[in-house]
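The structure's right below; bear with me while I get my questions together.
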Amino acid sequence: MSEFKRAGNRAADALRPIVIQRGFTRHAEGSVLVCFGETRVLCTASVEEKVPPHKRGSGEGWVTAEYGMLPRATHTRGDREAARGKQSGRTQEIQRLIGRSLRCVFDLAALGERSILIDCDVLQADGGTRTAAITGAWVAAQDAVNWLIGQGLLTKSPIKEPVAAVSVGIVEGTPLLDLEYTEDAACDTDMNVVMTGSGGFVEVQGTAEGASFTRSEMDALLALADKGIRELVQAQAAALALPLPR
Amino acid sequence: MSEFKRAGNRAADALRPIVIQRGFTRHAEGSVLVCFGETRVLCTASVEEKVPPHKRGSGEGWVTAEYGMLPRATHTRGDREAARGKQSGRTQEIQRLIGRSLRCVFDLAALGERSILIDCDVLQADGGTRTAAITGAWVAAQDAVNWLIGQGLLTKSPIKEPVAAVSVGIVEGTPLLDLEYTEDAACDTDMNVVMTGSGGFVEVQGTAEGASFTRSEMDALLALADKGIRELVQAQAAALALPLPR
Amino acid sequence: MSEFKRAGNRAADALRPIVIQRGFTRHAEGSVLVCFGETRVLCTASVEEKVPPHKRGSGEGWVTAEYGMLPRATHTRGDREAARGKQSGRTQEIQRLIGRSLRCVFDLAALGERSILIDCDVLQADGGTRTAAITGAWVAAQDAVNWLIGQGLLTKSPIKEPVAAVSVGIVEGTPLLDLEYTEDAACDTDMNVVMTGSGGFVEVQGTAEGASFTRSEMDALLALADKGIRELVQAQAAALALPLPR
Amino acid sequence: MSEFKRAGNRAADALRPIVIQRGFTRHAEGSVLVCFGETRVLCTASVEEKVPPHKRGSGEGWVTAEYGMLPRATHTRGDREAARGKQSGRTQEIQRLIGRSLRCVFDLAALGERSILIDCDVLQADGGTRTAAITGAWVAAQDAVNWLIGQGLLTKSPIKEPVAAVSVGIVEGTPLLDLEYTEDAACDTDMNVVMTGSGGFVEVQGTAEGASFTRSEMDALLALADKGIRELVQAQAAALALPLPR
Amino acid sequence: MSEFKRAGNRAADALRPIVIQRGFTRHAEGSVLVCFGETRVLCTASVEEKVPPHKRGSGEGWVTAEYGMLPRATHTRGDREAARGKQSGRTQEIQRLIGRSLRCVFDLAALGERSILIDCDVLQADGGTRTAAITGAWVAAQDAVNWLIGQGLLTKSPIKEPVAAVSVGIVEGTPLLDLEYTEDAACDTDMNVVMTGSGGFVEVQGTAEGASFTRSEMDALLALADKGIRELVQAQAAALALPLPR
Amino acid sequence: MSEFKRAGNRAADALRPIVIQRGFTRHAEGSVLVCFGETRVLCTASVEEKVPPHKRGSGEGWVTAEYGMLPRATHTRGDREAARGKQSGRTQEIQRLIGRSLRCVFDLAALGERSILIDCDVLQADGGTRTAAITGAWVAAQDAVNWLIGQGLLTKSPIKEPVAAVSVGIVEGTPLLDLEYTEDAACDTDMNVVMTGSGGFVEVQGTAEGASFTRSEMDALLALADKGIRELVQAQAAALALPLPR
């Protein structure tokens, strides 16, 4: 079978151009604009000196996330969820995923009884908004932790290691890394993979669209994801190596 | 490491007792009580001669699902979602999963422009409610298809093959099949796997709780799931081989 | 006028077959499946060691109820109230009725500052769901009280006497006891009557459908209800005389 | 037992002063301020040339009601239901009762495929708001029918006879007619009775508060209600005999 | 340009007949029916011995308002906001305006840590409901303050001066004072002006409908509003000079 | 009185640095990031070939707006309105204002039966979000109109002239143009003024915070606003004179 031809001659195993811009807005303790190609997500991390009820008095902190998409982030304008009066199932599913992924690399006891809330708002969507959100959210959380240390509220980081995410999928028989929107719409199987900097799996969510997929297809996709996440973790580190703007 | 000891001396790779009782209620076109041990889910399939807006005029049908849990299905009474005025993110995530899983084995064109709605209501919960729901929902859908054929509304089945689901997880280092509640609460990694009768993957959702998991752990879990699903598909076939009560 | 002919040759003054199955689910302090013919309602009683705001600090307890119907409990699938985001007026009216009926036979001071929440969920509907719910709810509440006594949390029962409920109505001129769905749909007048074991009235709710009803019709209906409730109270006692399953 | 002493030396079987003022506001097709003593309810009847979905194409009309209470109609300010975002169970129960009561005296076929919507808004509450509302709503509906006849949209009235309502209850052993707020709060049993001008029952809703009530108590209450409703029907007729203001 | 001819030969700079009836209902600490011609708004002031969270512990009180319109206050029946489950943007805008206007003439420290809640409910609408509401709300607030003084809860009034409001607009080139509904619907520019008794501006809200308006048009409208508010403040004083009914 | 000293030595009558960046996102027909100093609002204009019900069949189009604020646009994180399930009164008030302001300069008949929806989402807030939103929304609308003309769907522009908005206020006795957050929080009187390119008023909304304001204060503020809006209209024209990025 001939290989699927990607836009801009991108190789099947190549990420889109990754941009991680810290200090994008000024009020949040961490504020990161993350771009996976044309997908752009603003991730802000807010520190609050309180925890949700199930953590009160535990001495442990909490990390959680909310996700939203501006109505015209997409080709066709979507309803504003605030106007409709509820978040869609998709929105809730994604924000739960982001929260779990972040918590997996956090030592909640070391965070102390406070919360970090990550807001991931999609300014422009072109596939992979949830994986970009997780990748950017970790950098925003890192900046919020740095702020806590800078304020003397923490002496050491409660973050155990990096976490990043990428989508993979099979389009016309070809396994591809980091799907853009048109690829996502055309794919038979797609998988979102969340991994730590040390290569452990945090989440694997594979879904057949149409036909089911085989074990060897899954293996091919996991290998691609592993490659992509290594590169994303490098991009996170590079962004954090720069001085924070302002 | 010594192996984790399961309740009732259950083997690590054993399902709980599976009961699939068809014709449990009488109004629905398909009505199945499915039990994975103490987890009991009532799955009803309702045929409606209309489709949602995105399918109107397409000549294709639709299969969708809703999920609910009775307030005292659990150890501690949960809020009634109807009284609270909204479905939780967890509920929406599960019902979307059930719907996708069923659609994957349906030929929607062969169904014709009508809908099958699956309601999965948990009467008693002891872990694995979503996997039991998928497994039972497929049998209820099969009975609804049989009803459509019996009514002369369809001449051949739009169902391509069986679909079933099981949870797997690692508890104290031991990979286990079909987690009950106490195992689920204690596990480090858990994974819900949805597969077709022919062994294809429909959904793989693995989540690290606490520590991330390795590739070899994932392989062990997928092998367990494969075994469990083969047995569940046999149980579905056995239930369907009996005459429908009433 | 010739008498209305009931399904299955049931006499005008006969109840449908009554089944009261205790211990139907295992987590609740009381769990009863009650069947009035094909109407089947699961009633669970949950004990909570707190009371609503208007009872705090009063030394008195509270008994309340919630009611729901599975979407396909009925001939035609109804909307799921949790998905629609609110309970219908009918649902609220019924759950208020169940709560009032139970409280009428409870000594709330003797219960102590704790709550019993009764959930009545209709698995299958064929008329009389609210009367079956009240009749079953009382048995579930009794089991919850027995559990409280068994736990040493109460030394004597705060339940003063039994309470049960039945519907009566006039169909084609014939007064009937315990209406099933087709009778309910056809009736001119229907009445729900809630009475105590000692024959006192707790609630009488008579409604004309179409034409108004006369005083002598009301008297005939009240006499039928009285007969039915005596039999239901016997059925409750018989169910409670058996050992609790498990 | 000595008889309960009512405020203002009112006799046990006496209504409060009844005022039925037509043409209270000017936009509605019928607009009536009804006062049962200090209880004041504004009832407006609006004609709409359409029917709800279940009546479309039936050739029949519909009559329905909505009920509300101004936040400070009561001694203590209540929440505004519009601000809270939902109607209470009590509100829904009352508006369903008003609608059923009105429909019972309407020939819906003679009304033609149009609706009469009755809004009952309590300006001041002192017990008996639902019975005042029904009594006033019928007069407002009558004025709306007169308007339809005046417009040439109907040639004869679809109203078969009057309907009115009153509360009765037992306070300290004394059966009382038309309870005001302090009596309502103190009563052991209260009953709302809706009857037609010809003496037929439309609704009987008796509720024990505290102890259950006996058959002879019910008989005493029904006799009182019958007397009260005869007087209310006379008051309705007297109000309608006057020329409509403006 | 020939001058626009108003209904009833009203002069361009004349208010409609103003009625301010205190003590309209009996439970509220202040209760005023205010009529600007056919516009009738019931304003009640309720005293509560608590403040919203942002004022707790401040030693200062709070004054706020809610606004509603009976469904048939208007020519065509509007939806009941409580039934629809939310207040419209218009409703919220108006109640925020009323609250701000009242607070502007209140010394919140002198009020002490308690709240005055003003409910403004439109019984009949004919243009200018918000300006009538503000004008009447101030009188109701004054009566509530008098009640507080009468109860010994305050020794001097926290109200610094009167506040009143009026609408002005340009219809067919003619600047008009106090628009009624048909004028409001026809106007090119309309402005709501809230002023204190001493002639200070509290709110000025001018809106072009269709074409924008010029500075000289604004000046003409402000002069008209100033005249109208002087007269409204006199009407408020006259109403307060009478003894409170009851 | 000595003059209030502004941050960065800004003159009392000076705007903050204004940036109007077109083509900020790529899916919308018009997409503008507008910055008034640190206030940054993303305004997108979406064309839809349908109109709301009240315009159907009229031959006229519609222009409307929605407004939102990212949760961490502000110093302290605010609730996400989509999660809370409703838009605040403030949000609704602002989006109604933006819609009215735009419609005032649109010839809706010339637009044809289609809609332009403006989404104004605040990425970072530092006072004046609504005035920045209006100013940017007009540019986005202009780009959407250019797109319609480019597509051959319109032959001439339905936009009659520019519209822009600015805030003015009095802080410590000094009238200031274009308030930033700290000034807004400290001001005694603030006013939002919307004007057309030709100097007509579209909206004037002045509010006293604390003390009322005088006529001469209003005149001073209106003069400042006039100056600011002239400059904003020049900035709009300058932005539109550049080629659209992409």
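Should a chain be cited, it is by its letter among A, B, C, D, E and F, assigned in written order, with residues numbered from 1 in that chain.
Operating definition for what follows: contacts are C-beta pairs under 8 Å (C-beta built on N, C-alpha and C of every residue); 3 or more make two chains touch, one makes a residue touch a chain.
Going by UniProt, the chains are A, B, C, D, E, F = Ribonuclease PH.
Please read all numbers here as calculations on a predicted model, not as lab measurements.
Colleague: Just to be sure I understand: going only through chains that touch, what's the smallest number of steps from chain C (Ribonuclease PH) to chain E (Ribonuclease PH)?
Modeller: 2
Colleague: On the document's contact criterion, could you list the chains that touch chain B (Ribonuclease PH) and likewise touch chain C (Ribonuclease PH)?
Modeller: none
Colleague: Which angle of rotation, from 0 to 180°, maps the CA atoms of chain B (Ribonuclease PH) onto the equivalent atoms of chain E (Ribonuclease PH), to the nearest 5?
Modeller: So the copies are related by a turn of 180 degrees.
Colleague: Under the over-half criterion for shared residue numbers, do copies chain A (Ribonuclease PH) and chain B (Ribonuclease PH) use the same patch or different patches to meet?
Modeller: Because over half of the interface numbers appear in both copies, chain B (Ribonuclease PH) and chain A (Ribonuclease PH) meet with the same residues.
Colleague: Distance between chain E (Ribonuclease PH) and chain F (Ribonuclease PH) based on Cα centroids, please, to the nearest Å.
Modeller: Spacing between the chain centres: roughly 28 Å.
Colleague: Taking each chain's centre as its mean C-alpha position, how far apart are chain A (Ribonuclease PH) and chain E (Ribonuclease PH) in Å?
Modeller: That pair's centroid distance is 51 Å.
Colleague: Just the number, please: Cα centre separation of chain C (Ribonuclease PH) and chain F (Ribonuclease PH) in whole Å.
Modeller: The answer is 59 Å.
Colleague: Which residues belonging to chain C (Ribonuclease PH) are in contact with no fewer than two other chains?
Modeller: Those would be 85-86.
Colleague: Under a traversal of the ring that begins at chain D (Ribonuclease PH) and continues to chain E (Ribonuclease PH), how are the chains ordered?
Modeller: D, E, F, A, B, C
Colleague: For the complex, which residues does chain A (Ribonuclease PH) have touching chain B (Ribonuclease PH)?
Modeller: 86, 88-90, 92-93, 95-96, 100, 104, 191, 195-196, 198, 200-208, 210-215, 218, 222
Colleague: Applying the document's contact rule, which stretches of chain E (Ribonuclease PH) touch chain D (Ribonuclease PH) when the two form their complex?
Modeller: 25-28, 31, 38, 40, 42, 44, 46, 48, 66, 68, 70-75, 77, 80-83, 85-87, 91, 117, 119, 121, 123-125
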